[in-house]
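Two complexes follow with chain A in common, the first pairing it with chain B and the second with chain C.
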Partner chain A sequence: MGYALNFNLIWRHFDKLWGGLLLSLELAVISIVIGIVIGLLLAVWYVSAGRVVRTVIAAYVEFIRNVPLILLVYLVFYGLPTVIDVAYSASTSFVLTLSLYSGAYLVEVFRSGLEAVPRGQLDAGKAIGLTPWQRLLHVRLPTMLRITLPALSNTFISLFKDTSVASVISVPELTYGAQWINFNTFRIVEVYLVVTAMYLLTGYALLYALRLVERRFRAAH
Partner chain B sequence: MSNASHANPALLDVSDVSKAFGSVVVLRSVSLKVTRGEVVTIIGPSGSGKTTLLRCVNFLESYDSGSIRIDGKEVGYREAGTRQRRSERDLATMRAETGMVFQSFNLFPHLTAAGNIMLGLRKVRGKSSAEARAIAEHWLGRVGLAHKADSLPAELSGGQQQRVGIARAVAMEPKILLLDEITSALDPELVGEVLEVVRSLAEDGMTMLMVTHEMAFARDASSRIVFMADGGISAVGPPAEILAAGFENERLRSFLARFRASHF
Partner chain C sequence: MLGQIAYALPFLAEGFAVTLWVSLLVVVLSLVVGVVMGVGLVYGPAPLRWVVRIFSDTIRGIPILVLIFFVYYGLPAVGLRLESFWAAVLALTLFKTAQVIEYLRGAVGSIPKGQSEAAMAIGLTFRQRLTYVIFPQAFRRFLPPWINGVTDAVKGSALVSLLGITDLMQAINQVIGRTYEAMPLYILGALVYFAVNYALSLASRRLERRFSFIRE
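On to the complex of A and B.
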């Protein structure tokens, strides 16, 4: 049985895919920004805190890392509003989930980055009379960011792909757009070929751009 | 202890300082006075506590007993005798009174040569950006690196990095400069340019306490030489006396003999 590829129907509905791609990027960007804030705050807190705080932060990280993302998405979208009195859109719910998710990974990234800052640089900061806060801001964080930039890029690319999970709660991102076209046109092979190409190309473009940024930073190292 | 130190009040007064890392004693009742304008060099075998002593002076290391005062003020603790550590803010203020140059340079890699010098001037001394820049350029000129103000540490040779390190320390106008084996990580051909800078600072009257393995330099530039062994001060005196071959100190003699054998 021969299957004749026909992309016409895909192009007719391409706005669904294009809009979906933009939404996927938007979700990833917002989530990584919030995730960076969460990760930085908790990592800084972790390295300067006692055992109780460390245990709590480690528990958060372990919980997120050992539960499948799709389950977290369900928990936050269906579970949380029934327990506490909140109402949010599917997109908001997903951004919240993905932020907590990326935050947990970034705590680990930033924590190891902070610990990798050479001791001598901190000594030099102390020796000129910088306070602990100034040492963090002007000595430790700049070096830490340089060290963690590659891991940060990788996390962002991963998050961009992970936005496809949002389709399960009907957030109209790229994968959801593909499903919609599939249900309405039955051109399953064509639509997933096109969407795969879109994920691939966007992922590579992001990777390339981020590597350029990294190289600039490394040149300044 | 030389009699000269009784005439002037000591700028740095290390009194009966002891320190142990677990069961390893690194400083045994060390007492040492440095007066204003003096250049005091600490020599001794590795593991003798030289660097630890230096790091206690600006409280990069704490100590278990004794007291260290700069200009009469206790460095790390609230009062002499008590073991109540100063607050981190207070410690920062105290540390700004001393300058330190490190064996491994420890420049901030993300800042230019001028930026390295300006950071403390701006954040600790509260200078404006323009003022700090002018001071940085002045000191870079003094160490012969006026043309490298906007270079990053990675673009500088070891000797140049160390000269920036010196400029970063002295630009803060410290009361005393601590130099921790500042030429040990340098290629031999770069040692001279760094020592030249130290020599010119000494001529300007900068008070210095330094740990070094450069015996010829110690002889020429120091007011006094301190010989440390096993965490204690084993001999103190003018360079000519300490480095004289016939000195009455068995340990010092064997240190110098071994030193000569390996370095010449």
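On to the complex of A and C.
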């Protein structure tokens, strides 16, 4: 044993961790926003589409869910530019990957949410003369969002944790900052203790905040 | 291109074997430890319950990658020498154990209290209550999510490539390093992972349907 904890070097380089944490949050927020758009569009399309479209959407969902995120990150960053003529930064590439990734999980969330909207609400919408489009926009989607809010916050928190994978393509988020300090100062135990605390505090603070939002918008029973 | 990939296939297959071996070790070890800790969480005295709760919430609150680096770089720093392979297995097992604890808590918690009370009333000991009354019923609730969760171990195992272990992920990267055929190899790798995990999730869904007759 005989390992003396010394946090001085961690505090000296704390900007790496703080900046990393902010970037992690930013990556997670942008990705979930794009993911929500993907998820909503595909879920609405899925519930009203024929067999072919359903199969294609299901294939996308199952593919993403059953492949390691790190492989998807490599595939988009190192693989895609070799076959199509695109150039993007590591962060853009990661946001693209994480958006497609969260989109796949959210299609499932929204689809089951849409199916959970009580039949009576849609009939009521029809009875007061709403067009199908109005029924979707003013009846089905708002109710569905209330139902899916808890799943949505869980997805966001796990995306926040998944941003750590961005470190493998050198996006300077929190885990990357941890590795930088690890390799440059060798205060290994200290840096991972601090980073663990940062992930935990942020994650549970987010969870608490999102639960408050959920309580505000709880679906009426 | 195809020739190069065909040439690399045995190497990739070795990597795949490592992926399966890591996943298997993690799944078995975490099952044993997780069930024991899960029983501790449900039936243990308060201090034990707190310890398990803090363990599970901490592990589930941090990214697996951080856990892997912490174990891999941190243990040697405090004087514990561990081969990178075992450091990776240890880290993934910790992560998976936390999941198993929660599956077990959920499964056992879903068994009506009356079952336990009835077992107590006919004079069964704690161990008998678990083995004859609670576990046989909780098993059906535990199995589908647990099998589905095995995919997390397989997917998580791809992160051990970052410790220089030649699993499927690392083997793919090494072959790409030599052949520059990034896209075909990543897609091949994705399909292999997909095949394994999709089979597992299908099995999970099928079991869930099979056990769906249980309604309270």
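One rule holds for everything that comes next: the second predicted complex is superposed on the first by the 217 of 221 C-alpha atoms of A that agree within 3 Å, B and C clash if a C-alpha of one lies under 4 Å from a C-alpha of the other, contacts with A are read in each partner's own complex, and residues count from 1 in each chain.
The definition used in the following text is that a residue touches a chain if its C-beta (ideal position, glycine included) is under 8 Å from a C-beta of that chain, and two chains touch if they have at least 3 such contacts.
Just so you know, these numbers come straight off a predicted model, no measurement behind them.
Enquirer: Which partner does A:Gly120 reach: the first (chain B), the second (chain C), both, or neither?
Expert: first
Enquirer: Looking at A:Gly203 after the superposition, I want to know if it touches chain B, chain C, both of them or none. Which is it: first, second, both, neither?
Expert: So A:Gly203 only meets chain C here.
Enquirer: Chain A residues in contact: does chain B have more, or chain C?
Expert: Between chain B and chain C, C touches the greater number of residues in chain A.
Enquirer: So, A:Pro132: does it touch chain B (first), chain C (second), both, or neither?
Expert: Touch partner of A:Pro132: chain B, not chain C.
Enquirer: Spell out the residues on chain C that touch chain A in their complex, using ranges where they run on.
Expert: For this pair, the touching residues of chain C are 58, 61-66, 69-70, 73-74, 77-79, 151, 154-159, 161-162, 169, 172-173, 176, 180, 182-183, 186-187, 189-190, 193-194, 197-198, 201.
Enquirer: What residues of chain A sit close enough to touch chain B in their complex?
Expert: 118, 120-121, 123-132, 134, 138-139, 142-143, 146, 220-221
Enquirer: Once bound in the complex, which stretches of chain A touch chain C?
Expert: Residues in contact with chain C: 1-3, 62-63, 65-72, 74-75, 78-80, 82-83, 161-165, 167-168, 175, 178-179, 182, 186, 188-189, 192, 195-196, 199-200, 203-204.
Enquirer: Which part of chain B faces chain A closely enough to touch in the complex?
Expert: Residues of chain B touching chain A: 58, 60, 88-89, 91-93, 95-100, 102, 104, 106-110, 119-120, 123-124, 152, 154, 168-169, 172.
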